[in-house]
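Note sheet for the following structure.
Note that the chains are named A, B, C and D in the order they appear, and that numbering of residues resets to 1 at the start of each chain.
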Amino acid sequence: MIKAGIIGATGYAGAEIARLLLAHPQAEVVWYGSRSYIDEKYSSIYGNFFKLVDAKCMDDNMEELADQVDVIFTATPQGLCASLVNEDILNKVKIIDLSADFRLKDVSVYEKWYKIEHKAPSYIEEAVYGLCEINRKDIAKARIVANPGCYTTCSILTAYPLVKEGLIDPDTLIVDALSGVSGAGRGAKVANLYCEVNESAKPYGVANHRHTPEIEEQLGYAAGKEIVINFTPHLAPMNRGILATEYASLIKKDDKLPTYEEVRVAYEKYYKNETFIRLLDKDVYPETRWVEGSNFVDINFKIDERTGRIIMMGAIDNLVKGAAGQAVQNMNILFGLSEDMGLKLVPAFP
Amino acid sequence: MIKAGIIGATGYAGAEIARLLLAHPQAEVVWYGSRSYIDEKYSSIYGNFFKLVDAKCMDDNMEELADQVDVIFTATPQGLCASLVNEDILNKVKIIDLSADFRLKDVSVYEKWYKIEHKAPSYIEEAVYGLCEINRKDIAKARIVANPGCYTTCSILTAYPLVKEGLIDPDTLIVDALSGVSGAGRGAKVANLYCEVNESAKPYGVANHRHTPEIEEQLGYAAGKEIVINFTPHLAPMNRGILATEYASLIKKDDKLPTYEEVRVAYEKYYKNETFIRLLDKDVYPETRWVEGSNFVDINFKIDERTGRIIMMGAIDNLVKGAAGQAVQNMNILFGLSEDMGLKLVPAFP
Amino acid sequence: MIKAGIIGATGYAGAEIARLLLAHPQAEVVWYGSRSYIDEKYSSIYGNFFKLVDAKCMDDNMEELADQVDVIFTATPQGLCASLVNEDILNKVKIIDLSADFRLKDVSVYEKWYKIEHKAPSYIEEAVYGLCEINRKDIAKARIVANPGCYTTCSILTAYPLVKEGLIDPDTLIVDALSGVSGAGRGAKVANLYCEVNESAKPYGVANHRHTPEIEEQLGYAAGKEIVINFTPHLAPMNRGILATEYASLIKKDDKLPTYEEVRVAYEKYYKNETFIRLLDKDVYPETRWVEGSNFVDINFKIDERTGRIIMMGAIDNLVKGAAGQAVQNMNILFGLSEDMGLKLVPAFP
Amino acid sequence: MIKAGIIGATGYAGAEIARLLLAHPQAEVVWYGSRSYIDEKYSSIYGNFFKLVDAKCMDDNMEELADQVDVIFTATPQGLCASLVNEDILNKVKIIDLSADFRLKDVSVYEKWYKIEHKAPSYIEEAVYGLCEINRKDIAKARIVANPGCYTTCSILTAYPLVKEGLIDPDTLIVDALSGVSGAGRGAKVANLYCEVNESAKPYGVANHRHTPEIEEQLGYAAGKEIVINFTPHLAPMNRGILATEYASLIKKDDKLPTYEEVRVAYEKYYKNETFIRLLDKDVYPETRWVEGSNFVDINFKIDERTGRIIMMGAIDNLVKGAAGQAVQNMNILFGLSEDMGLKLVPAFP
């Protein structure tokens, strides 16, 4: 039985890890860390765990935690994981960090977009970007897994095969995405009150959202060169779900656009055998309701011959594949388990 | 492996049975019956099942179905199950009927409240009311289980111990309840369109909702006499969930109201060992979010010394404990399995 | 032109007063008081007022304000108005207080339910309870109008004629109500975050909500005696709206229940000529969507002959008739204007 | 007093016209046409009009209607207006058509995208596209006004000044938009049921939505040449609101991108004096909540120097500026009234 600790267990992502691991046959949570609620019963914060979890919230002492568990999930604000990690800890446990601390390889890019100093730059190099479908071999050997952002998971996977195969011009890539409100976390802010969010939609972080460099870096690896893109997130009035609609110019061969079949083949080359990626049938588009509560990524595309562009679309549950589900998937890889263990979740509808 | 057929598999309750049985270790759905969608892929109706269910929708030929399965779930409008059932079928399969056809023992009460003729009154007597926590012994031996209504499951369980123990006057019982919209089914009606329901709440079926006689009959057994109550359902703008707030006058002993502890003891007497019933801590009240996606019933109460009344409150997920979950629980009982098999569902939040 | 000041202009009720007065032909807001946002542009807090209101937020100096305006609306937490009011101010301006400070005539009841000391008990006696349809004559002469609570407005008006006419036994009265989330105010609390409220319903303040004594006092006047009732509020996932479902035993005459017509006549006696009260057609029940954005109260009832009870139902927009609309209606009365001036609002749907 | 008739008065757009005209000082509705509800009281369909509108629904006999009114609003499916209009009618009344029948000048484009035959192509030429801020001079003289689509109103106005001034390359224009559900109309379809739409977001009409040629035609006039664009609509779980996020490459001059100020000047050149267009302050982006219930269009932009693109954003209430409000604005222009008469609506929040 893998022993897991969660730092930040009372945030939405942390609580989703707790939910997933409760049903995981080979792992259990033994440390529910939450600085804000120390000594309070975890189930008094999240009533869904009443009669299921008896534990009380603990502090975020990573040293002590490292002695008690096999894997630590840090579902905390940027900077915390980097400020706590050290060699002693890494020699004892695996760390799966849900913050952005180890996602970007260039520390100056991190510091520019996140506007904080990185406290453990020496570990950036060894940390592995935990986008399981792309990096599973490296993940298996890692000590620190940088769990990808929610928008980025969806945005990258939706476009990856076409960038990799050179079917689209990556410099024309525009990612227009929307997210449910749980992505904003559980902090008590006026902007996230029910009445402020309900019955409204809005863009935010326009041209400067922090997930931009993460998408650029990863798709840049696929493209084999640096790329810059536009990424615009929007807030939609729903609890969960990310929907990415992405635009790019198709690259013509012999003055002809790639056909539907050629694009389909590219997607299948990479995703055909992926448990968690569902390439939808032709002309069926992703909807967040069909992935809610599950680790699936639903993907499809449409070629617009009039403009020569392709519209790629992807949907995930931001708390599952966009956070906790992928974190558990990474844990499974790290510990040599079947990748879908504890993650055979049927999306719940309605 | 128990083979199950669902008649009405494309309604919300039918689809929830499908979802639950996909994760059930000892049962599988082999017949997705849906008159409206015959020969269409089930996953084209419910995209959440894409890549998980390959089957096409079948008709509702119960005779043929009886040859192929061990248990039939009828998640269909009132009258259908009664019109199809016969001795030949019942000799081959168990039937768990999610409609009201076999819930009321008095056929005239059924015909008065449902305004249709009962087509199989001869089976009413032998059918067992499938409220598992109350009737599990009889259920185990049944051929037909009448799966309780959603409002009724919540309303009865919330008041049952106090009626049974004579702590409240059942003739003063008032059940004020609200439901999410999935309880209204998937029929294409203007009244259930998004814009008609969203941002609004309304009472309906005032003083004549069909779940009234069902609550009265069952609580009448507990009271040991016939009772009449008030039951008012309301529609609330959310997908799932039933919340029942119930009022009754406490019966004084020696001119004193029962204490909190006395009432608590009564609840615990019946529910202490029930897996799916959670008596909440003092002054913590049920909220539908904490049971969503699970088979739990959350219950608590508050004594108002000023008025001498008790306020009892219960919450369930209408599609799980109020329909599909309880149906699977009944299946487990019928087939001698552990009652919680396939039902260890952690409520999903948010 | 009546000059109005709002203390608490950045709360939801305060902002609704601002919205209503913008369209009022004889009044204008000249002071947007908001301690939290002093010197910030009001339209930067509420973007709906962009290009409509140029003013910046002011402090809540009631002395200074009294020199500049004819009427002050205090849309502030309990205790603030009572702590600021004095004879000097009252000699200059009318005060319409949306808090509970002057609603209850018995200061000990106030202090018991609100758990704060009343700072101006000497003004309680002269303050007039601003339920316009009941008290308009006294309101016209008042210096302080205690604007009723949202739940109370709906709860009282729904039952008032039957209590007054002695058709129901007031001691059997149970008020089960639900509210949209704007009633909880704009404070940054975890409990009111979008994801905490969305897709859920819950009771709160069970047997001890502060609107209870207010309902009891006012309906007690109608009954001609002290009464105690049960009042249970619930939170529903929608921005606006209050729905009250009320139960009481009908009083028999000559062993017969009152008829539908007799009850109807009682309602019409009081409400027939009321602009803002709509007695719905038989068997049409109030829904909050039909009053949203307006000052209407929709009311209807159903007699249950089986139990001898009547179910009374009422719906209002909590921010309009339940707060700002009634406040403006009170202002109109205070200044001798037509009561519906600026309030001919057609409910907006959907 | 202008007498108005509405054909399609029981659709959402028709009902919104009814709501707006109730508060219009110089117009009144004398004919509530609704084929589906003939002889039913209008307020029995839309309870918000109870006690405000006494009329019953009429048929859609345009000939007869033309004798009784000054202006006819057709808020009906595509094809109906074109099938009814004739010279006799147009000699008597003005027609404001909310369908697409007269929006596209090229009948073959209409027939290709709408897949129906145009029944009155002879009137296409004289019909005026009723985008008030652009075409008010021509509208004033028209007999038929083609009221623009909801997405198109928002999409065109958001980009118009930059296309007109040559600041962006129109062939790079991508419009990514989302809409509330009222845009889908009041037809009883499973896809628009509460539970199907709630808690989900989806793209639809990808690369083939019918508003595409309308945007292309109008922005093509501004560009002085034919253009093709990408337009992707999405459905979001809210009643009202359209949010358009638009991307285009800025055109460099002397190898430099236009500055914020240069772009701002272009917007102000066209919109500075427009009552209903609000250019937001720098870095404040449109949100649908701030325009809900009003005729406003909120617009802003952000230059992304990294990619050389501009992101333009606009928000409207789809039922007001996107349908009924603009229709009333067109009526005001047609009859020489102040353009904002009856439209000084303060957005309602929350």
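Side notes on the structure shown:
Everything below uses one rule, namely that a residue touches a chain if its C-beta (ideal position, glycine included) is under 8 Å from a C-beta of that chain, and two chains touch if they have at least 3 such contacts.
In this text the structure is predicted, and so the values were computed from the model without any measurement.
A count of C-beta contacts for the chain pairs A-C and C-D puts C-D on top. Its C-alpha atoms superposed on chain B, chain A is turned by 180 degrees; the angle is given in steps of 5.
Of all chains, C has its CA centroid at the greatest distance from the CA centroid of chain A.
The mean-CA centres of chain C and chain D are about 37 angstrom from one another, to the nearest whole unit. Taking each chain's centre as the mean of its C-alpha atoms, chain A lies 46 Å from chain C. Each of the following residues of chain A touches two or more other chains: 12, 182, 195-196, 198-199, 237-240, 287, 289, 292, 350. Residues 174, 176, 178, 180, 195-196, 198-204, 206-207, 228-230, 232, 234, 236-241, 243, 245, 247, 285-289, 292, 302-304, 306-307, 309, 311, 313, 350 of chain C touch chain B in their complex. Chain D contributes residues 12, 15, 19, 22-23, 44, 46-52, 182, 199, 239-240, 278, 280-281, 284, 287, 289-294, 298, 344, 346-350 to its touches with chain C in the complex. For chain C in complex with chain A, the residues that touch the partner chain are 12, 181-182, 186, 188-190, 192-199, 237-239.
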